[in-house]
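So, here come the structures, one by one.
In the two assemblies presented below, subunit A is common to both, partnered first by subunit B and then by subunit C.
The block that comes next holds the complex of A and B.
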């Protein structure tokens, strides 16, 4: 098992380094796709082993059902993102928007980014998780700035500044947690180790843990895009190349939520009051609410999807705030579903953007007439993201709302439903306008590329199938993960 | 330790008054040197702390200021001309922050700690944050970021005798990479906008 984890960590680094050396586009593509497939395969093996034989723990590594689920997300998304990148970047090369030297840099950073996300998920220590999350920011900043034009620079600057400050707050919270741990267990014993902290969590000083919670929520909340710390998010998602937007929104966001959950498990056990729950519920509802005006009045398709990410982080935070077992199940299912659906939406929008030569909502019309296949997948994915039954996200949203009613929060549950109706209206308004209507007269269809089609259809299949059928092993993994997330007692 | 804490507070205070980029970086250099000295003083001969002190000197006194000064030397015409909060108001806010941190830690933290170091570290965090929010120059914001980092490092040092070695190594690495990324972006800002005043970055909205 340990060898598998080391292999999964080493492989992206190796592929990234090799991408810098190779001088030919087609060779780089083959290398990266096979590298990602192999990394994904190893990650799947790790997940499988956890399903079969339970938790794996060594001095630095720790993989349980929750990390295994997230590793599954990263595996799936890194494969689709690399596949999609191959065609996407071919088109960009053909248009002269990027040069070959920039392409090498792109793949090297992409693999580095994947490495950092895997790193966050396999380490056992809260301090090392912090280091990992910070590294994901640094690896992805240059990907956000990839085009190095004015708007990309603006987005990258905001991204790195806001997230760095936020993440330093999380470090402050982590130091406080360590201080409380030292107060109970003394120095030099398994410092900031998650399992050690969990074992003594009920003895930690509640006053300091509460303070630590505030900083940790603000810190990781900034990175996850919880409102009102989400200001960098629409800029970064809209300016990054489409495959990177998909990874940022699908994989990175889930990884940060994972780290937040790991911290919350300790914090909730240490506190006897419901302070944590109230805070999470409030931030969750606020994130959904703040996204609505920006979804209803929007000019840019990628920003529309970015605000939808803020909304979905809000739903997950809300679910964490309820904290019951049912809500926890909804949360882990929602993280998985959102990652797949949102990444495929960003890929589709990448294709659409290249075909229409614009990200402006007003310019994209009549997809059914000119790009029927892409249009159909796009509307289906949009229906999925707003939570239409029987597609996958409906189940997780429904579970979270149901949990709210069951846990005695009927007013908040209804409020969430009302807000979700608002999101539905905005998203559907723009997507029907894009798909139906008359296409621009001067539209020229260019080739899309096989690997992009493959990436997109894999994800679409996943969305359609998991809506009605979850394989038993996945079901088991989700239930075990939910047990870890739920508040004990 | 107390002397160092007071010197650190003084350096943070000076930062609020700096308007030339090079002087801000020099103050930052002195500040990091003081953090390294504090680390060495607190170490009491423990290997882990001495290594941390040496790394602080190498990275935060050596590499980072050098990289920043190299960028600054290319930005001859740039200076902090019209910050959102002027130097007088900033100094006043910094003073208020220092008083406030003393008041807060007196109430919340149990005894057995070096108060001045904790207060100084929280004040550094606050002043760094203030620099990021109120200064327009990219370099000034980077200086603010490292000031926050220094503050947190000092906090870890004074409350728990530093974080475990491997985490600290990770943080040092992150700081180094963060500054490299920020320096790359600053250079690109200079190329694309002919300026490193970040207040021009307001095109993306809605």
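The block that comes next holds the complex of A and C.
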């Protein structure tokens, strides 16, 4: 098991380094796709082992159902992202927006980014997790700035500034946790070890833990995009290349939520008051609500999707706030579903942007007429992201609302449903205008590329199938993960 | 033969249709026959299922699905079977119609339309048979999305895109309310199965919340004023066989939902529930028919008429609920069964009228009735069938529309007994007179529709060149026209059957009370011995009278028949001299000027010499009160608020970091309270 984890960590680094050396586009593509497939395969093996034989723990590695689930997300998304990148970057090369040297840098950074995310998920120590999250920022900042034009640099600058302020808060919170740990167990035990902390979590000093919680929530919340700390997110998502946006929104966001959940497990056990729940519920509802005006009036399709990410983080935070087992199940399922749907939406938008030569919502018209296949997938994915049954996100969204009713918050649950209807109105307004109507007269269809189509249709299949059927092993994984997330007692 | 087998083979049939139709995409003719053949067979299977229930009694079964909470449980009681039968009948007619009509769409995304049509039909069948909260919401939303995409079928027209969007958003908000209503039920009962929700008892607050949420949710889908705005835009935009199903059947699934909630789950409630529904109903009926009267787009006219008919159905339901809360179960049986009867009738004649309209639009390529005229000569069969539908919707005896409207009238006549106080009695009387007004206006509206479309001379070249609809389209129209007549005659027996549907929800004794009474005299003599008239006797009198009149005409009638041009003071009669739709609706527009607030616009072209005649363009626009007073200001307000909110994100990093600081401090202060 340990060897597998090391392999999963080493492989992206190796592929990234090789990408820097190789001088030919097609070779880089083959290398990266096969590398990602291999990494994905190894991660799947790890997940499978966790399903079969339960938690794996070593001195500083720790993989349980929750991290296995997130590893699954990272595996799936890194495969689709590299597959999609191959076609996407071919097109960018053909258009002259990207040079071959930049392409090498892109793939190297992409693999580095994947490595950092896997790193966050496999380490056992809360301090190391913090380090991992910080390295993801570093790797992805360069990817956001990839085009090196004015707006991309501005977006990257905002990203790194705002996120670093946030991440410092998280560091402060983590240090406070360490301080409480020392207070209970002394300096002999492994500092900030998650298992050690969990074992003594009920004895931690509630006052300090509460303080730590505030900083951790604000800190990781900044990175995850919880409102009102989400301000960097629309710029970063809209300026990054499409596959990176997919990874940022799908995988990175999930990883940060994972770290937040790991911290919450300890915090919730230590605190006897329901302050944590109220704070999470408030931030959740606020994130959904704040996204609505930006979704209702929007001019850029990628910013639209970025605000939708804010909304979905809000739903997850809301679910965490409820804290029951049912809600926890909804939360882990929602993280999985959102990752797949949002990434495929960013890929599709990448294709659409290349076809229409614009990200402006007002320029994209009549997709059914000129790009029927892409148009159909786009409207389906849009319907999925706003939670239309029988597509996958509906399942998790409904579960979270159900949990709100079950836990005795029918008013909050109803409020969430109505706010989501507002989001729906905005998202569908732009989607219907994009797919219906007639295309601009100057529209010229260009080739899309097989690997992009493959990446997108794989994800679409996943969205449609998991809406009505979850394989038993995944079901089991979700149940176990939910047991970890749910508040005990 | 077990019910499960019939039901599952029906589902399987649709599944085969859905999965095999794409394989035929290279041969559209075959695909057309296959897809709509499956749809026809599936609809007939639905009718078979329903009749099985009526013979063998309610059935239920359940198949677990590998998802948490989700269970494919089906329960078909008499109520569900009745709606299933309606879907089956209208679905079969629409599918037969689509054999010919679908060819219009060859090369215009025909395959997508056929697939969506099958999905839509299947979803409606599932909606009325599924008995599990989660599964119900899933199929309900699938039904909405399928019909949304069908509304967007002709996406190149910008108006259709807007209509589709409006429909989708309205129906989604409605679904959110329905979900809230169901979840409140689930929370207090702890079960997702409908069977366990029967006779559910909760506290007052929850019951009222469920009532309001379900009323908003299902009301939106049913097109009750003031949440009707999507309906007159979306129904005309869809292909005709889909418009017919949306107007005739899909609205009824919302009525089905109301029946489930108000008869089964909530049961008897406070009087204000019924009164609220009565108020919404009468507003829908009167305004719906007024707007229909003013409409020149034939499909929009029919759509507004659906708003009116939903109002009439809700009058029955509202009266039924008032009677229930006053403990007058026998009268409740009368009102509810009248509403259910009108559901069937409206499904039949509205589908028929939409089919007729579709045939006319196909022949003339325009939906504007000002450009029709004289079509009775080119399309005699379509004209006759449309006339039958128009007569039925205008509640003329002996057609079906008369029976149900008469029953609703009778239940309203008893209403003063149930409403207390002077205000109650007066408002009951007002309801009766307003329903009378509605019926009269509906008749006028369809006189206008039939007269302007089919009579006089063609007003446009395309109307002059029109040709009769193909035979399968005529066939399905003819079938529905015969149904209109037939149901009128078997009404007494149907009414008894309808009342037996209500036995599980209202007391059996009350139902028995009403079964004995004669349908045409219920209001006057319910419970007591009825008069000696019987319907077959009336029919016989009618036939004898007809024969007598014919004989009289043969013997004494004028022998000489002369035919010639109408005398018009020596000018050759032309289409420009005809009564236009605008002219026809003029008196009513003036009489209801306070509500409709017409704005006229006259453009006179003075460039032409006055001696050779001026060109005058006259236009009338009416004000849609709720559009202009509620929705447009609301829309503006939301946009304004959103723009204001967007100011918080201006791109300044200092500000963004400031937000983080402020929030941190706020949360830290908040945390001290715990």
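What we mean here is this: the second predicted complex is superposed on the first by the 489 of 489 C-alpha atoms of A that agree within 3 Å, B and C clash if a C-alpha of one lies under 4 Å from a C-alpha of the other, contacts with A are read in each partner's own complex, and residues count from 1 in each chain.
Going forward, contacts are C-beta pairs under 8 Å (C-beta built on N, C-alpha and C of every residue); 3 or more make two chains touch, one makes a residue touch a chain.
Because the structure is a prediction, the values reported are computed rather than measured.
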item	value
Contacts of A:420 with subunit B and subunit C, given as first, second, both or neither	second
First (subunit B), second (subunit C), both or neither touched by A:294	both
Subunit B versus subunit C as contact partner of A:211, first or second or both or neither	both
Which superposed partner A:239 touches (first subunit B, second subunit C, both, neither)	first
Partner chain(s) touched by A:149 [first = subunit B, second = subunit C, both, neither]	first
First, second, both or neither for A:275, with subunit B first and subunit C second	second
Which superposed partner A:470 touches (first subunit B, second subunit C, both, neither)	second
More subunit A residues in contact [subunit B versus subunit C]	C
Which of subunit B and subunit C A:158 touches, first, second, both or neither	both
Doubly contacted residues of subunit A, that is, touched by subunit B and again by subunit C	157-158, 161, 165, 211, 234-235, 294, 297
Sites on subunit B touched by subunit A in the complex	108, 125, 129, 132, 138, 141, 145, 148-149, 152, 155-156, 159-161, 163-164, 166-167, 170-171, 173-174, 177-178, 181-182, 184-185, 188-189, 192-193, 198, 201-204, 206
Contact set on subunit A toward subunit C in their complex	157-158, 161-162, 165-166, 169, 210-211, 213-215, 217-218, 222, 228-229, 231-232, 234-235, 273-275, 279, 290, 292-294, 296-297, 329, 366, 368-369, 372, 379, 383, 388-390, 394-395, 398-399, 401-402, 405-406, 410, 413-414, 417-418, 420-421, 424-425, 428-429, 432-433, 435-438, 468-470, 472, 475
Contact set on subunit C toward subunit A in their complex	65-69, 109, 134, 137-138, 141-142, 145, 149, 152, 155-156, 158, 160-161, 164-165, 168-169, 172-173, 176, 179-180, 183-184, 186-187, 213, 638-639, 641-646, 648-649, 651, 653, 655-657, 659-660, 663-664, 667-668, 670-671, 673-674
Subunit B contact footprint on subunit A (complex, rising order)	60, 125, 127-128, 130-131, 134-135, 138, 141-142, 145, 148-151, 153-158, 160-161, 164-165, 168, 171-172, 175, 178-179, 182, 187, 191-192, 207-208, 211, 234-235, 238-239, 294, 297-300, 303
